[in-house]
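As written, the chains take the letters A, B, C, D, E and F, and residue 1 is the first residue of each chain.
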């Protein structure tokens, strides 16, 4: 099977792919990403969480809102109505793992919504911790899985 | 020196840091990130570039526009007037390196603008290539350097 | 029946409620609010209206546009396609009563759209009259009624 | 002194007031508002807060972000760079009092930013509690005080 | 048949037309517009295109993104989910002809999406060429054709 | 003097021009445009205006708000703080002439703000009149004059 880019015409010009002939189905996408920081920086996030602080809540809200802004951020993405977005954080010793799950009933997938939610939640954590550590690094943003739509289920292979 | 989070009150609540007493200075920030993909996927991007295609142009525009949207994306970031944003791509065998440079004259830095430009350019490349490869991974988004402002110059240390 | 908050997980974290299993129905919501001002300030609004002025038209447009911005303003609200918004003003001696009616065909209600339309129309009236009176007060923003959806019809009880 | 509406021309047409000849000064505005609900609904908010839940954090973020969206919401408001926004909640027996403080250094005041922050924080509380009580009412949104600018200091009179 | 304005009430007030009773159909709209400039300015665009430059790609992206922003730009337009947008440029000796095609499956047409895509692509060309020629003029923005919906097919008559 | 495009690098890539070294000055731009329609359609607009209707007020608000959205619409435009926007309409027998004036104190001009205000006001008139006449055409959008900035005053030559 020949691989090709769907968002450009044969002449190479950008286009929004025509989905008018597709059928609406329930679609789900799960994306992951990691924010790496010094244990001492991560300790500040944990202390804030312990005293009912807002740091992770702000990052979660930022990620959820960013999923809704995808058509405004990613030029060739379709506008779609999202049924659900959830964002989970796992705090390890020197990193925070972010998982975002997006669900939609429509003619196009929600991979970009899940990936964007992870990215903006990660950027928000960077923003809130940058006074303590400028070297924080965002790593490994990828699609974990997707279901629904004509191309069916995708599950990322473990290395 | 005690490390702390600047975007939360002592009680842990989110706040936008008060910058009214700061002086405007010229500030610059450079951020980096990498999009890893199969050589066969990257070949599609290169072929599109060869025939004057839009793939990298779309990613560049998306990154520049995203830098301007930072106050709307990252909840506690200040609105600021950006003087300049540039985005460069380096196409290697199995990845695309993205570098974004943001400049502003103001009371707060442009680190988040540069990091967001890189992130959204990377997400746009993912979007335009995902029909060919869903396993594309975004890696190593970090601040390379910043200048200006009270905290002065920061240069990321090479490992 | 136990009352609970639908927008948080059992652990307390914010989430966008999953509506993927719900059926689309026609939904309507009516919201009300009042802007209280001095009779002399209200007289200015009336004089502007008499000479075909724009004050109430601007407030009406602001309210209608705000209804469309709800997913961008209220963090956990779903994106939805609004079928109709209308905004009416009743000018009394020392207040303006605002009524907004929103209609949508979808899986989630339009209460927030109607309430937000009223709120932003009220804020716009404040903005346009604040040079004359800074003490203007917005009062009594509430949901008058809603129809459609699984929870059915709601009608606010008169005191 | 004759009272008049500054946002309309003598002919009654809407206009954005020309501030090009004004000098930038530090300006602050404080606004207030109240969300009235049943004690049993407010108990749910308190329980969520007790277990480090996100309800008030989401409302706070929504209010802060809304302050930055004022030029996009209130048609004749100027774009301005906000130096700081903070939002405080006081939980009483049957209501939540919201106070928003906005600071800016510029040629126009931040009254609308503070009032809009209160309004959207209140709407967000409504949204998160509406599954428990649809009769929640938003009351008494007003400007508490402002400082800076040519018109100087304003302090709301206590009744 | 009496002609009338659909977006105002009999009393003359603005309203968003109620489309809740309409049936979704596939709808397409094609709009055109022309950007007139000196042959020497157009030569710069052609040279940029020859060396795989971004000028037309940026204008194309701007037009596509603007089509998605219509509900936020045109006050009484409905939010809708666009299935496809494409933008084509034809470079003549002293003008660039722009054609935009928008497709949607829904209860309201996409004329405004196609017309707005043309307008913003034209404005973007102006922006990118204005350092070379300030006298560039945008002309002849009109609807070429539409299909779908209750009013059926429209085809602009040739003069 | 050699003409060139300022928004692309020598290699042809899009960039936001660096204005960090420029000095802020007061700048003004005036733009014009015309909406051509049948006299019978224009009569509907006049009748609406006669009964204090909202048609022209909605178009005026749309134009003013669009001027504030320029950085979000035109990819390489800088964010700037607008001091003033006014929009005037002149109703002739078979067309409406639109004039927009934008003022800003800053490091970059407001030509795009004035041109965009005219364009979106024109599109809004189209939207509100399209039920009566689909053949309405927008013509002659151009910059009438600009003052301020290093390039100084520009005045369009009369043909």
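Methods note: a residue touches a chain if its C-beta (ideal position, glycine included) is under 8 Å from a C-beta of that chain, and two chains touch if they have at least 3 such contacts.
Small disclaimer: the values here were computed from a predicted structure and weren't measured.
Colleague: Show me the overlap between the contact partners of chain B and those of chain E.
Modeller: Common contact partners of chain B and chain E, which must touch each of the two, are A, F.
Colleague: On a CA-centroid basis, which chain has its centre farthest from chain C's?
Modeller: B
Colleague: Compare the CA centroid of chain D with every other chain's and tell me the farthest one.
Modeller: Taking each chain's C-alpha mean as its centre, the farthest from chain D is E.
Colleague: How many angstrom lie between the centres of chain C and chain E, each centre taken as the mean Cα position?
Modeller: Those two chain centres are 31 Å apart.
Colleague: Which positions in chain B are in touch with at least two other chains?
Modeller: 13-14, 52, 54, 57-58, 60-62, 65, 69, 72, 75-76, 79-81
Colleague: What kind of graph do the touching chains make: line, ring, star, complete, other?
Modeller: Its topology fits none of the listed shapes; call it other.
Colleague: Going by the touch definition at the top, which pairs of chains touch each other?
Modeller: A-B, A-C, A-D, A-E, B-D, B-E, B-F, C-D, C-E, C-F, D-F, E-F
Colleague: Which residues of chain E touch chain A in their complex?
Modeller: 26, 57, 60-61, 64-65, 68-69, 79-86, 88, 103-105
Colleague: Contact residues on chain B for chain E in the complex?
Modeller: 49, 52, 54, 57-58, 60-62, 65
Colleague: Which stretch or stretches of chain C touch chain A in the complex?
Modeller: Against chain A, chain C makes touches at 9, 13-20, 71-72, 75-76, 78-81, 106-107.
Colleague: Using the touch definition up top, name the residues of chain D that touch chain C in the complex.
Modeller: Residue positions touching the partner: 3-8, 11-14, 33, 40-41, 44-45, 48, 51-55, 57-58, 61-62, 65-66, 69, 72-77, 111-112, 115-116, 119-120, 122-124, 126-143, 146, 154, 156-157.
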